[in-house]
Amino acid sequence: MSRMAIRYTPEDCARLLEAVRTRQPLIQCLTNAVVTNFTANVLLAVGAAPAMVDIPGEAAEFAPVASGVLVNLGTPAASQRTAMLEAAGAARAAGTPWVLDPVAVGALSVRTAAAQELAGMGPAIIRGNASEILALAGSGAGGRGVDATDSPAAAAGAARQLAGDTGAAVAVSGARDLVFGPGGLRTCLGIDNGDVLLTRVTGGGCALGAVMAAFSAVTSDAVLAAAAATGTYTVAAERAARLASGPGSFAPAFLDELASVTPADIAASLRLAALDPDGLEQAPQPEAAR
Amino acid sequence: MSRMAIRYTPEDCARLLEAVRTRQPLIQCLTNAVVTNFTANVLLAVGAAPAMVDIPGEAAEFAPVASGVLVNLGTPAASQRTAMLEAAGAARAAGTPWVLDPVAVGALSVRTAAAQELAGMGPAIIRGNASEILALAGSGAGGRGVDATDSPAAAAGAARQLAGDTGAAVAVSGARDLVFGPGGLRTCLGIDNGDVLLTRVTGGGCALGAVMAAFSAVTSDAVLAAAAATGTYTVAAERAARLASGPGSFAPAFLDELASVTPADIAASLRLAALDPDGLEQAPQPEAAR
Amino acid sequence: MSRMAIRYTPEDCARLLEAVRTRQPLIQCLTNAVVTNFTANVLLAVGAAPAMVDIPGEAAEFAPVASGVLVNLGTPAASQRTAMLEAAGAARAAGTPWVLDPVAVGALSVRTAAAQELAGMGPAIIRGNASEILALAGSGAGGRGVDATDSPAAAAGAARQLAGDTGAAVAVSGARDLVFGPGGLRTCLGIDNGDVLLTRVTGGGCALGAVMAAFSAVTSDAVLAAAAATGTYTVAAERAARLASGPGSFAPAFLDELASVTPADIAASLRLAALDPDGLEQAPQPEAAR
């Protein structure tokens, strides 16, 4: 008899947003040059405090002080890669939860090597699109730059393998976002919120990784942290999309909604489903409904 | 008898926008730290896909995969300069069109040396303001930081010489934007759209270079690519300026308009003129009409 | 008998904004990767011209040409630290006023060493939050990342000591912003404008440092420059807050207001007070009124 998966509800996610707002976790970000500003503003909006400490000599000093750490491989210059290894090592040693986002891994050699090393250093959550998760698990060639060329369901097997190998919760973004539990747990959650405008703003996925780090700072359950972060983020995106005239006006509206969305809004609007991980690769994706 | 210049129409430019929207070219950007986010959002809005791959060891790997490449010298740190040479060399070898933007060249020695080396590596388009084009052609001292201190017409001779020397189309931004054909062609196009608010947002010129790379990915005619990119960009700017209360609200409105402007809008609104390049330096500039 | 402090009025600050608009000072920024874009847009909005020249070999070339320089230690990578020393040295030699912003100094060793060296190189203004000023003066452990954990009044003694030691005006940001005069002058100004939304946008403090550099370019009185920059900035923030629905819509509204606020608006709205520096550490702070 296999172990039972834990049940998660929208109310659990709502409570976690409440905890982020109350505790204002300090999130160290080592992220790419394109999205630093948007990421910091997303963290501030959701109620966390950003600190972009990403140079060698300081990255390891800060990780034990931080409440959570994001390591995002979007523009991994040599000195930043050194700082990433410092931060991940210090975070693991101090028990600070950290999130790995292996941006565009697979096709590009420098970041692929870095991502493989970092994946073995105890991240709480690994977050990527389907192509990135397939590539990091060794099952694919990677996507088209930052764009996925595979569906989240197609990455289910790779995500489960990666979760088992690393002990991390694995979050796969897409029209339906998926979160896979680590280790022997057969947890697989689907989140059916969001809006396509989130894919028309650079850093939409990258900043979600930072929000996952913020939520992982207020719970020891990395699956719940990934799901609640995704739920808060995508519910806010839905609300912003109703106010936007395009991708330009969407971005400020999204920050406004991240700041104003309440735990009660999350409990009422989050479409969270427990899924059978074995059935995913066969099942049709509900993308037409988006 | 000299060769006849090709005729270009607003409808040609409109068709090129249609092609960008359909083919969604993947544009590798090696650009300055100030404008990475805005540049990526501009590319997404116009219908292209950005990929900011700018580190040594990856820049050359990606250029053959990319549909177009932008090399912008705004903040040319040492490792990025190495990556720029890698990317330009790999792009030339693979036949990927690439755009050179020699930001603030002339007064600053490091970037001036880099720009001169890069200009000899086969860019499809060189884009700059009048002072930058004069400086790169060896005829001026450069502008005031990123600001031009010369008029586009004053740079006509330098632009034609630079086009002849490098084989690139040369685009000179200003109140009237100019595009000069390479080689023996005596093409000179003027585009009389745009709004002064575009100069009040940082990266207004830099992101146009990225859009030129996107348009050069869908045609082998670099003059048409530069003109159609400029036309799409400046028509969108005009439309956004009508909705804006200042430079802050202009930026999101501009992204919205880049995403929503149609090829038919371009065909209807683009003020494109074939000019006599010999007459430019004598002719009065229509700046008062702006 | 001690020297009398100079009297400053809102009208003095208004005239300085007028001078910035007229003279459009060129401001060289060596600042952190998170806020480069916002900082450049703030400078453009207020009427100055940004130039992000921050690489070794160019930083010293540009500082004598610039009207003012900002050195902000938010993400001090090794090559940027080299460029900062170059720029500060060249600025001092050329008489170009420069502003030091010792972001998150205290807890982080690399930037703390850099800040101490730079503080001895003749900055016109040192700007920080209370925790940063305490740490730079050697009286505190620094804040929580970029967040102050001390009140401006608590830093009054440290600010006066730092002003005396360095010859710089020292600006301490907070609910009530404070500016301390250098040397033997007992000047202490309080500015009671602003809005809490300014703390919900990343770079709110960092971009103010750039604006101080712009104002210091049009007067030799660093106290007046710091006060007028703070006043213009916080009055614009108040006006923007009335139009905003949250931190996302605040940012573009703030840029619009920076561009449209008039010297007459500053003269009418600025709440500027001459304070007794000895009384500050005992006095209750007027934070409840904000």
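Labels for the chains are A, B and C, by order of writing; each one numbers its residues from 1.
Assume contacts are C-beta pairs under 8 Å (C-beta built on N, C-alpha and C of every residue); 3 or more make two chains touch, one makes a residue touch a chain.
Please read these numbers as outputs of a predicted model, since none were measured by experiment.
Both chain A and chain B derive from one sequence, and where they touch, under half of the residue numbers involved are common to the two copies. Taking CA atoms, the transformation carrying chain B onto chain C includes a rotation by 120°, reported to the nearest 5. Centre-to-centre spacing of chain A and chain B amounts to 35 Å, using the average Cα coordinate of each chain. Across the assembly, chain B contributes residues 33, 37, 251-252 that each touch 2 or more other chains. On the chain A side of its complex with chain C, the touching residues are 26, 33, 36-37, 40-41, 44-45, 49-58, 61-62, 65, 79, 251-260. Contact residues of chain C toward chain A in the complex are 32-35, 37-38, 74-78, 104, 107-111, 144-147, 200-203, 244-249, 251-252.
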